[in-house]
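Each of the next two complexes has chain A plus one other chain: chain B in the first, chain C in the second.
This part shows the complex of A and B:
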């Protein structure tokens, strides 16, 4: 129930209405009666941003080839690879915790930049688990049009402390947790399409009809996640396989609206600028722009580019808006509003389009955000191509509570950390440490540190590393861009998850036109040098007076042959 | 010595000085040929991703009104003589109003008893959908290199920040940086960005982004219309930004906006041989001095390509043109998929569209450096051969009082002088190897190199008011030092072989160092090599006239005179130049002083000892 408590704090809604949200997130109170539920939560954020969180929950059955709303393609993959629980995240951008506060769903839907995948695979031993993991990544790669098949042994780790299974498992001892990430994977529409195909209404009705690639991928921050786990009701009598698909995004209202007017942000006409009348500087051709004058107006059809096409007939649909209580919200006529505090929920019309409109609000209403339990950032220190350092700055904003957390770092094999340089600025904050060193070209380093951060303090974790020199065929085509390092995952003891941004590691990079030059040059040198050196070594240099001796010998030989020939002729 | 006999031939030894001279002559002539069409190339964009000038620019219309308002704000702050803290506050608030993440950074440096402090303010425009792995910087110092208020530059950065915020296309974060001065501020910021700073003198940055890919600095201190853009590109320690960045700026200004560009303060470049040569030489002097020529210079040692755009002249371009050039430049930088790497990092620019690449110009500095090495090899061979007549050798080393021998000796000497450094042996004489006394020359060389730490420490730590007097005293002492050292050396009764070996090692180290330096900082290697040329030819002599000439040459060609020459060239008092060098050492990490005092100066001292050596040997 801890989770539930935190959740309601985050979203600021009363417990009476939490059922549909909490049900999906907490296995204890899971609702298994419905085959399919979908919900959309819109939340105004400071800085004229809107958080849109789409959530689709489908319940399937075990060991049964009768799939109703549970995506069959996914079920088959899971069955084939013996994966019992699966979490797959596609993310873009970064969550601005300073401005937007704590992440929705305790950060469980947000993955690291790019693609992140972890799963509990049932197998007898590690080798079998690895094999099934490979099967799983390859199959998912095909299903989601992502390069998941590149999650090989060098990118796979087995986290010890950070992740715990969320579902109810029959035999947890046989489960193996494997985790891999592709920080460089660009998430785009080709990943959205298969994602929508998994939904029963396939983006044609219900809230999924709002998901348009152009708007989704113009978001400041955006994540798509798929979580599959077995869930049982409280007495364990009924168990179902549940897939929760979420799409969370933060839209910049100003930019979304501007796109409506013109695809290019051309300068506005002077009369549309909000100039500060107190600063005129004595002439009319100046304009000191005023900022933060109003909460901009927006509607569903404006920020998503299309209205909501009715509800999905296969399940229940909820649409809720969290906005300051004083802000007006208008909905389409055919719907009913249920208002509780600053949360308003709407029933959707079956067939007709549904739209929401939040008019302009001036002066802007203050929006309260819940601070996250931790703020985290990570960066490289130092410069040069030989060595470097990593610095993670983690801040606990709470004035009273000590936060226990686990810091997980999964590094590529060519980044070789020195564990003895691992330092924290707060003494005795490092409680536990799990470290598995890297092996060249086989596996990366895996570091998990259990840390404690006292209230109102900032912890800086640093360590140094060496950079390897790769073989020249091991570089990607854009070698000079650098190598992306997967985000660190921070899990607090209350289950909140934060991911840092990914990093760009510059390795010593050869000039790739150089091999060609070197080959030509060295071939030329070899040819010239070899010729002359061979000549010097093999040829015997003799004085001029010594020459006739050998000449005579040769001449004698020739004469002998001649004589022989003559003798033969004579004989004839 | 395992050299084959023919190589030890004295005929070849006799030619070595000539070979050295030829190397020097070719080296200098080579450089003078570079501006010709046959040896230089037209610049081109090597990185296809840049697509310079391939976009429409929209920074105009009402954006100009916003710019004017910001300029009024900046000018008002400038008139009030607002403190750096107030400035950072006001600018930070404007950035915050635009919805950007703002950070400030206080810094304080001390160099030569003077304090350089201020406060940088910067804002990060986080790329929508970006992952904070890469960033580009648009910077403007509050006070430019001439300590003038960068009125339009700062205002333009703020106006562009507001304008850039509205675009969704950024693939990299854009950082808008206003530093409080043109030298210490950028250094403090870039050091802190890479966590190589020294807190608490330089504060850490509260907000950071990803790896910096490029930096454009605006130096636009006027509100008046301007005529052309002066691009400054030299980095500290003679490092240069990738040529693609420079080319992109020239291409966008010239081809897209129709703005002329100039460089190395040579306005009205006519593309004649003289103008090209002048541009190249000015570039070489800047590179050789290795000083920070603008706020961009300090980024380059971190492998971040950076240039400064300065406006110059009076013409018909205004802030909108500048804004559009910057917009187009950032759109090009935004296109970059990889770090700048395609084009040249080592080049000499002859004009905004002509350059010489390292392969073409490097031989010139190498030839100068090789001259020292050739001479050193010659001296080594010479030191290993015994003189033909025993009495001649005795005459030089042990029995100089013998009148007959002395006469013979002077004859020998004259002969030697005419053939420069030839061996006293006739070519057909049998070659005898003699053991070389290595300890004394090596120890002596070590001593002179150790002594070179004195000027290095002296000029980098003294308060700036004492720099000029200290320099005068040091110069006078330096001139006397060879004589003093010569006396000291004489206590160990050195043979001529010791002098030969001493010169050999000194030249060898000089040659080695300069040839290695030529690949890093071509101009410094070339200029020092040129200044040290007399060192090759100075040797112990008993001819009074030659000795006097040698002393005169050494008195002219030395690091101290070179420093005075730099002061004259820059049109600044000597104290300022020394102060600048000190600040460069303390703040920017300049290595030029190490090369001048640690490489050239000891070589010059050893040459001076050699010049005194001849006279002392006669006295014996």
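This part shows the complex of A and C:
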């Protein structure tokens, strides 16, 4: 019923009629000819999830103060801080590699939980680079309404092996790579609004019109990334400053639809529950929910809460859907379909709204996912408040190929690892190691390990660390919550990047009224000592029976009051 | 109970020892404890020349003077000295604001080579930095007055060139130096002309100086100013205030942002770079003696006006009803005057810059195709100025276009140039640009002087009002250099050296920046608030238990002393 209703409402017709095959597959190559390009890739994932990947590419010019599609605010920041290449990521949630497979764009758009920033800054020496890095973080903090200004020297590292510049640089020798992260930063709409403002069409037209904070931050996993780099065409004759903005998210279709049907979540009536009748314990009042009975129907306007308002007139717009070939896809009337394998791309109408509809499919079609080159997870081991341990489990699922990778860990200064405890479970897997120990309150520890994992095996990397006791004022207001530890970054030799989740470290937390207690206690002790010495010196010592009866008067007074009280009682 | 065993009587030595003990405790407290406490808890306050600061803030320290030198060239006039004297007299009589006065001088070129006409002088003073042509002279010339006989039968008249500071004054050929009437009429005409040219500057400067000092200074525009009738003086004050309120605070550098805001996706490009080079750069170069400028530009698409700004449709033919607008009825969209204050959609429009110096924004707004043409009511230029912020112009492309050419942008940039001048505070009156720039230099010097003085005054009041803030040495050195710069600036003003290295403008700039540096010293802001309750909470646990026995014993000793003294006196009296 709902499907029919939708069909009549949006005026869709099967795009299969107009489909034709085109060979061109949009490559990740350098797009230099246009000032601006945008593309949206939708991909159905197992478990009724949809991956939506928005990509906006704007090209600007170098050393020029006149900007068209390249955002002026960003260009100013880059100029002031002498940053030549910049990568800024805002992420939330966890990419479920077991279910969804490899990350899109080889994981290059995904950042660690919270905010992650790395940049190549041009400077004469390290001190100058640090200064410019501070300028950069402060300016970006203002631009994106994020606490990036808290990336200070204790959170900044200079990775040696993990990151390589992606752009074409004129004098790479003068570039300094700096990297910092804020795992605790809550990414929210106040970061999305400035992100959208950088786009030439500002969420008014084109695919950016779908981006809505309510849906984006409701996703199971989402990341916003901004990558600025100088790019040149193959013969190096033409170079431009390119900013690539991406928003990737995994939406749970069921959750999105539920939000549409009942904005206030409430339990489903019993007759609408999908119970598994084969389970013996699930009979009667108990219900064992059955999942994946069908591929749920969804449309763009349903999962994003708003339709797509035409195309952005400033550049080309692509909308593509990757879904099993047998699954039907309906598009709005004024659009043409280009089909390549299981990828269907659509041209957008200039002014009118555009929508896509995938109808209900039961039983669900199997979706093939490409497995990632590695699976990784990281956790704390040990107990107590004095020391602990870290264990990273990395699995190579490939049956034939050995994977070479670099494991990067950036630890806060109050977490002091012991390098001699660094162990891997597979012998001879540790190829290379770069370690820069921490200095209290100046810099954190920085660990990079080049590892080799043989096919179909699991490597566990462990090390122990000491927990420091912080100073009274160094604790945050919610000290008992713990301290977030930035995710580890794993880069394979083929350029694929995975980030583990962040960790929550519990440090010994003092009682914060302690200084006042100490002051009062020590004052009391001092006063006691002083009082007894002073009294000994000043008082005159006499025998007990020689004490003049000083209390005589007082005693008489008390007796008088007593008598008075008795007299009153008698009168009553 | 027991019939009271009396304790052995206290020996006088014991009593004396006890007194000594109490006394020594107290002396330790007073001589060691209190100074120690004082030293460890007191706040460092560097000495500041408070009196001097206050006198600058009150405007007593310096009586700013703006002597303007006018060179007079009169190659064909017999006895020019006499005429100059009369004109100078007339000027001095008419001038009631003594800080700003005109001084006439017979041109040196005339006294040296009398046959030469003034061409060479004109060349040397053409539209360049004010002091360029006069680097050999100590004092800069504000204007050159060239007296030449006019055509026969004409009356006195004058003419100003746009690009030089030469005033061509044509006197009537019937002028006869020996006739008193004739010479008086010419001298009055000359003095009126000069006053008219410098009237606006004089008003601005007197307003600046008077508003800066709370003490009443000579009334800025008293009756008798020759160029304005008595009735319009009040209007003039309001006008000057309006002009002053527009002016951006002085800064050695300004950032100019030119933005093209389009309500839709078109036009997509504009020839702003070439337009700025051709139409605006000459002006910016001319202004470089006062402030420097950095320029950038941007294009923003889909920039809508603030939601509460709704233009209304006005058909050309008023008899037609309003709902005919869809039928291609000619007409226009009109923005009301009230809408302009909220025209800038600051929530949506990315106009902020990260530069440390102020930004002046100039916006070309291209409305939606459906709302074209869009006009601002009662505006001939279709542009408006936002005080201390920038300028906006609504541009209606003649046809839907994706590119704005240099010619399309020329009107906009001409308006922006005029707006820039008034945002910087240049007087609008004399058409000659060099004279206006000179005026601007003097005005900015006055502004810097007053702003530095008032910053010093604020610092003075701050240090008086908050005794608990610390004053680091850097503040005291900054204040010192501010004061010396202020003194230099004041001296240079009196000497008439306004621009150039070491001139009043540069000294004023130093003074203002040093004063700001002193006032916004970071470590002074840090610990302004340290509540008294905290101190009590920290001191009481120690001071209470220690203080009470000390105090009690002191009281006891004093009582005993008084008692002894009384007994001794009674004994003496009895004896």
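Everything that follows uses one rule, which is that the second predicted complex is superposed on the first by the 470 of 572 C-alpha atoms of A that agree within 3 Å, B and C clash if a C-alpha of one lies under 4 Å from a C-alpha of the other, contacts with A are read in each partner's own complex, and residues count from 1 in each chain.
In the analysis below, a contact is a pair of C-beta atoms (placed from the backbone, for glycine too) under 8 Å apart; a residue touches a chain by one contact, two chains touch by 3 or more.
These numbers were taken from a predicted model, which means no experiment stands behind them.
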For A:379, decide between first (touching chain B), second (touching chain C), both and neither.
-> first
Just chain B (first), just chain C (second), both, or neither: which does A:516 touch?
-> second
Looking at the overlay, what does A:349 touch: chain B (first), chain C (second), both, or neither?
-> neither
Between chain B and chain C, pick out the one touching the greater number of residues of chain A.
-> B
Would you check which partner chain A:314 touches, where first means chain B only, second means chain C only, and both and neither mean what they say?
-> second
Kindly classify A:305 by the partners it touches after superposition: chain B alone (first), chain C alone (second), both, or neither?
-> neither
So, A:258: does it touch chain B (first), chain C (second), both, or neither?
-> first
Overlap the chain B and chain C contact sets on chain A and report the shared residues.
-> none
Taking the complex as given, what residues does chain C use to touch chain A?
-> 1-2, 4-8, 10, 14, 18, 21-22, 25, 257, 265-266, 268-269, 272-273, 294-303, 348, 350, 352-355, 537-538, 541-542, 544-546, 549-550, 553
Residues of chain B defined as touching chain A within the complex | 56, 58-66, 68-70, 72-73, 96-99, 101, 126, 128-134, 162-163, 166-168, 194-196, 208, 210-211, 302-303, 337-339, 341
For the chain A and chain B complex, residues of the former touching the latter = 47, 92-94, 96, 98, 113-114, 183, 217-222, 252, 254-255, 258-259, 264-270, 273, 275, 279, 281, 285-292, 377, 379-383, 389, 391, 478-482, 484, 501-504, 506, 509, 511
Touching chain C in the complex: which residues of chain A?
-> 65-69, 71-73, 76-77, 80, 139, 142, 197, 200-202, 204-205, 312-314, 516, 519-520, 523-524, 526-528, 530-531, 534-535, 537-538, 540, 542-543, 545-549
